[in-house]
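I'd like to ask you about the structure that follows.
Each chain gets a letter, A, B, C and D, in the order it is written, and its residues are counted from 1.
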Amino acid sequence: MSFNTFGKLFRFTTWGESHGPAIGCVVDGCPPRIKLSESDIQKELNKRKPGQSKFTSQRKEKDKVQILSGIFESKTTGTPISMIIHNEDVRSRDYETIKNKFRPGHADFTYLNKYGIRDYRGGGRQSARETASRVAAGAIAKMVLKNILGKKFKVIGGVTHLGLLGCNINNWNDKEIGKNPFFCPDKSSVKLWEKYLLSIRKAGISCGAIIELRAYGIPVGLGAPIYSKLDADIASALMSINAVKGVNIGAGMNSAFSTGTEHSDEIIKKGNKTIFKTNNAGGILGGISSGQNIVASFAVKPTSSILQSRKTINKFGKNTTISVKGRHDPCVGIRAVPIGEAMLCCVLLDHYLMNKAQCKV
Amino acid sequence: MSFNTFGKLFRFTTWGESHGPAIGCVVDGCPPRIKLSESDIQKELNKRKPGQSKFTSQRKEKDKVQILSGIFESKTTGTPISMIIHNEDVRSRDYETIKNKFRPGHADFTYLNKYGIRDYRGGGRQSARETASRVAAGAIAKMVLKNILGKKFKVIGGVTHLGLLGCNINNWNDKEIGKNPFFCPDKSSVKLWEKYLLSIRKAGISCGAIIELRAYGIPVGLGAPIYSKLDADIASALMSINAVKGVNIGAGMNSAFSTGTEHSDEIIKKGNKTIFKTNNAGGILGGISSGQNIVASFAVKPTSSILQSRKTINKFGKNTTISVKGRHDPCVGIRAVPIGEAMLCCVLLDHYLMNKAQCKV
Amino acid sequence: MSFNTFGKLFRFTTWGESHGPAIGCVVDGCPPRIKLSESDIQKELNKRKPGQSKFTSQRKEKDKVQILSGIFESKTTGTPISMIIHNEDVRSRDYETIKNKFRPGHADFTYLNKYGIRDYRGGGRQSARETASRVAAGAIAKMVLKNILGKKFKVIGGVTHLGLLGCNINNWNDKEIGKNPFFCPDKSSVKLWEKYLLSIRKAGISCGAIIELRAYGIPVGLGAPIYSKLDADIASALMSINAVKGVNIGAGMNSAFSTGTEHSDEIIKKGNKTIFKTNNAGGILGGISSGQNIVASFAVKPTSSILQSRKTINKFGKNTTISVKGRHDPCVGIRAVPIGEAMLCCVLLDHYLMNKAQCKV
Amino acid sequence: MSFNTFGKLFRFTTWGESHGPAIGCVVDGCPPRIKLSESDIQKELNKRKPGQSKFTSQRKEKDKVQILSGIFESKTTGTPISMIIHNEDVRSRDYETIKNKFRPGHADFTYLNKYGIRDYRGGGRQSARETASRVAAGAIAKMVLKNILGKKFKVIGGVTHLGLLGCNINNWNDKEIGKNPFFCPDKSSVKLWEKYLLSIRKAGISCGAIIELRAYGIPVGLGAPIYSKLDADIASALMSINAVKGVNIGAGMNSAFSTGTEHSDEIIKKGNKTIFKTNNAGGILGGISSGQNIVASFAVKPTSSILQSRKTINKFGKNTTISVKGRHDPCVGIRAVPIGEAMLCCVLLDHYLMNKAQCKV
């Protein structure tokens, strides 16, 4: 069972509500003797935290992480690593006016119907605030993978579509991603995106996004057929992120529109190197990594909390309207980048450990 | 761990290779006292089996299922249901010529690198023959759900895109799907598709497809946040099917291109009924079913086994070329329809049982 | 996988080291809408905490629990319940002298060999301090079971053997158990046990114990054959407690010495009631509860930390001797009573939920 | 979830009823490239099969195993290994007379109450016939462990108590065990046991037994604290065997009666060797193997099916009596020896793989 736990051999369990005293997670199955400090984790959390630019929510959270267990003399011990992040800038009164109404596009309606009770403050458990815990767990996975796979290993994500605006994917530049507030890998798109998003925000509306993730330096052999295929686990990992509605591996949905001749990646040998001429597979064949870069992308729907008035019902079953004020991102997809990276790191480490257990005997 | 097992409370474990003596599965966690016979399962298997039209593989398999346990006096007993399907039309010599070469787009390369050994005959374990076991398990899930949810419950899938040809989704008609060899829900598209696929076959190439699944009569409340969200489990289930490269829930990848105003489904009350004005969510909010129809779609890449000659390497690391003869579907996506239906039924039953356990106390 | 997680549908994950800043656990799968407060949990923790009598460790821990998530307006919400207990009376210097030596009977040797690193302070993760988290989780399970099963439900444990001294089991009186510092159910044994344990403590040695657990008001049908039998899960739960070396269900090991005539419990009907004439089965037949009281017992070895000098080696592989000072219980078995109760509650709730999911369709 | 599945990384799922067409299991997670043939498995099955001496059931089953998948060119491929054993000597009419009565000591009453339906023929799923599947799975685990750990590895079990008669444990001789029909390790006890068991059989009654298991050549470090401790998993594995009521590790229940001075095993270094002076721990400290021999024992209750008339009720709730004819073992404990060995092998391999995954990075 895995309600609030992700992973098989490298697992994390998250807990906490948007407006409770704190959120956090417990990472279990982390290999011992890996150097790890709070700052390794903080660095990743800082990428996700709100209030960093005019394009994200103005909620002010330091997202300061504290490690409570599992580390001794600056190294992991193989025992569970518990991490806690205190909630600080909680303005629950913002939510008082909507405590009885179901926000369209949010999980208010389904949570109340499923559980018969819900913590409506800031969305409670359904809030994307939970994803900070994922980023913390992913930071640990990343450190472990670096340790194992060395310098060639890297996981990076970028926003390739901001609403209706795509970027030029051929201009993808890893180094550009950290330099603009959109995690956009194409420098030439940034200016336009800025204008676009400001106009979106001004209009009190919101837009969606597509994020592409790339993993370099992944060995052949990760992935456990049939029901823990690497791509199946990536799909589950990314689809579990708030507001995600679609997941592609390699050529993704577009695979439908190509022929076998175009789609299947030819293989050649150059010296000692195995080279795939294309990467429509996204680095995964039969659910197992092929040694190519892993490429996955996912779509984030537009923020559901918007200023515009929408039709809905309240918990007493009456028709009403709603207009959500609070402090919201005009495009939640932007902050999904470090979350996607984190989830991918966790899946990759999990499969690294599984492969080691089963196949390296 | 779940290498060859799918599900949590309703679980099935599949086994078998394409050219071994048999394939099969063990279904565990099936509720007791449900009427079930081999013919209930055979009916679903017949939808998937090869050799039914000129548009699918000419391998002749009866796919005759035998139940070995778990049934007493025509009813399930709550104990594991073991099912076996004997392989009959096995022509392993077809594969002799390619036993040392890696077919592009297939998992030959990754299986050998991962396991250090592989059963190359008919693709061994990596063959889509394994999916017959999924259909058998899904047939049981469907019977149980019918029993629980009654007549309003239904899961149906249709091919909405055959290669470059889409159908008119507004013409979707459940009853049409069984009447043509493409599982196409739009009668007006069938003729054109026929011509198109014949030309594909003639050219010795292949094309991809998009399949849409719909589930009717699903109650509110199925789905277990955060890491067993209904959509995350559907994504994993569908992505685990051979050749699938993308999964959408509701508006899917297109969600990126809409605004919050367009995307979030407004809610209204009409008499006692809760009505969503649109279904961009695909019937799932926050990972929990909303009572709307569940809508998911997935893309299947074009068959990788094609007559055209392609570059590849052999297992000794030498460059070579390959052209795959055997008996292959010009579009494997077609036969993916009953597999997708089966997986969706399994996920839905699994979540029905989980919701019952946790929330109906 | 379940390194630090216990349970299937009702699960808890514990974390923390003896001398870290805190310990705690995350309870996942708790049904919603159950009244629950910190004091419900504190009550159980107080039974286990050290320093309560001259017969237990003098470490002073308030064991004050704080709930960080999962509760809204005094009720469970179905989301994870995170609990934290801060460590207070940490005297790590006590352990400085032994940081390089392996204490016989402790896990020092195996932890270091397994993980290549260990937090030696107070035994780190291997310390029985971890069991406070189990008691906290068990307190929640107990509240939920009371809510579901009503007043007839009760789980209680008592010490039946304190070292060489047994008590008269026929005098078992639930109400007596809370009235003496040994959790002894037989009033007539208390005086003698007091003298005995004082002499043990004075001599700087230690003794073992046997604890018997009883669960009343358990319905027929809990237990999932074949590998999650109720007795198998109880055995795993109890054997996982620090220092436990044996587990019995009903007649237990003595079953070997009886005949089928004596052992198998005859069944009779009296009015509407099904009555078993004896309870050698301990309330479990074929891994499923029979409606009789569940009876299980377990043996706790004598405290390994003793004043007497013992032969051992240090981590550099040299022969040496050790004598453990610190603050230790002369009989750790006593404080195992609330831990055993907690584990049994968790197993019972877990099986209640599983049975509900699978069999009550 | 693990209703009919045992293990984490090395897992097997069993299926089948006593009087159905067949029983079998699917082994998942077996490492690739291990030589394995049906005869390796048959050898172990032959130790368990009935009808081999006058001291066991006269049911004639060849217990001939067939491997259906997972092997290619005589080696494991890393894919699931499906095994089937056909039932042959099925005499269901023996059970007709008791189909409505609950046999005391059997699970008839609990199965019917739990599932609302039961296959009464030969005990259906609750029959010990299921254990043949365990032995088949265990045979594979044994082969893999031999392959990994080499010649020093060995798992062997012996009956140390046959009803009231113990053997002299100091005379334990591995080689003696295969030479008598009781798996007795002490040659001097065999004669007496023979007489004793014949008298038991003649009287139409039955007796219990204690089996001791020993594993040699186990490396330090197997076992995953806290909830997958090696001893907790062994306890669960052994308690899940039909008719088992108690499990001991090392000194077991007797640990309660010793002092810390006697119980904790002193450690010394002799040359390069770490030596424990005693083995009260049974080779496990803090849930982790110490490199000593693993020693575990378990008690099997006397066969419940006896000729003597016993009081019981029928499924209509009426008082009645029962006397069981059929073909039963006077002491089922004897045939539990290979089952215990099999389960121990599975647990050890599982933990070997887990340790490799987590700790050998």
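In this text, contacts are C-beta pairs under 8 Å (C-beta built on N, C-alpha and C of every residue); 3 or more make two chains touch, one makes a residue touch a chain.
These figures come from a predicted structure and were not determined experimentally.
Enquirer: Work out the mean Cα position per chain and let me know which chain is farthest from subunit C.
Expert: Between subunit C and every other chain, the largest centroid distance is to B.
Enquirer: Once you count every C-beta pair in contact for both, which comes out on top, C-D or A-C?
Expert: When the contacts at C-D and A-C are counted, C-D has more.
Enquirer: Could you state the distance in Å from the CA-based centre of subunit A to that of subunit D?
Expert: 46
Enquirer: Roughly how far is subunit A from subunit C, going centre to centre by Cα mean, in whole Å?
Expert: 39
Enquirer: I'd like to verify one number: the distance from the centre of subunit C to the centre of subunit D, where each centre is the average of its C-alpha atoms, in whole angstrom.
Expert: Once rounded, the distance between the two centres reads 26 Å.
Enquirer: Among the residues of subunit A, which ones contact at least 2 other chains?
Expert: Correct list: 1, 3-5, 8-9, 14, 29, 32-33, 78-79, 114-116, 125, 225, 354, 358-359.
Enquirer: Any idea which subunit B residues touch subunit C in the complex?
Expert: 1, 9, 29, 31-34, 78-79, 144, 147-148, 225, 353-354, 356-361
Enquirer: Can you tell me which positions in subunit B touch subunit D when the two form their complex?
Expert: Touching subunit D from subunit B are residues 1, 3-5, 8-9, 11, 13-17, 20-24, 26, 28-29, 32-33, 68-70, 72-73, 75-82, 84, 114-119, 124-125.
Enquirer: Help me check something: in the complex, which residues belonging to subunit B touch subunit A?
Expert: Listed in rising order, the residues of subunit B that touch subunit A are 1-6, 8, 14, 102-107, 109-111, 113-116, 125-126, 130, 161, 163-164, 200, 205-210, 220-221, 223-229, 231-240, 242, 245-269, 274, 277, 280-282, 285-291, 299-306, 308, 310-313, 317-319, 333, 354-355, 358-359.
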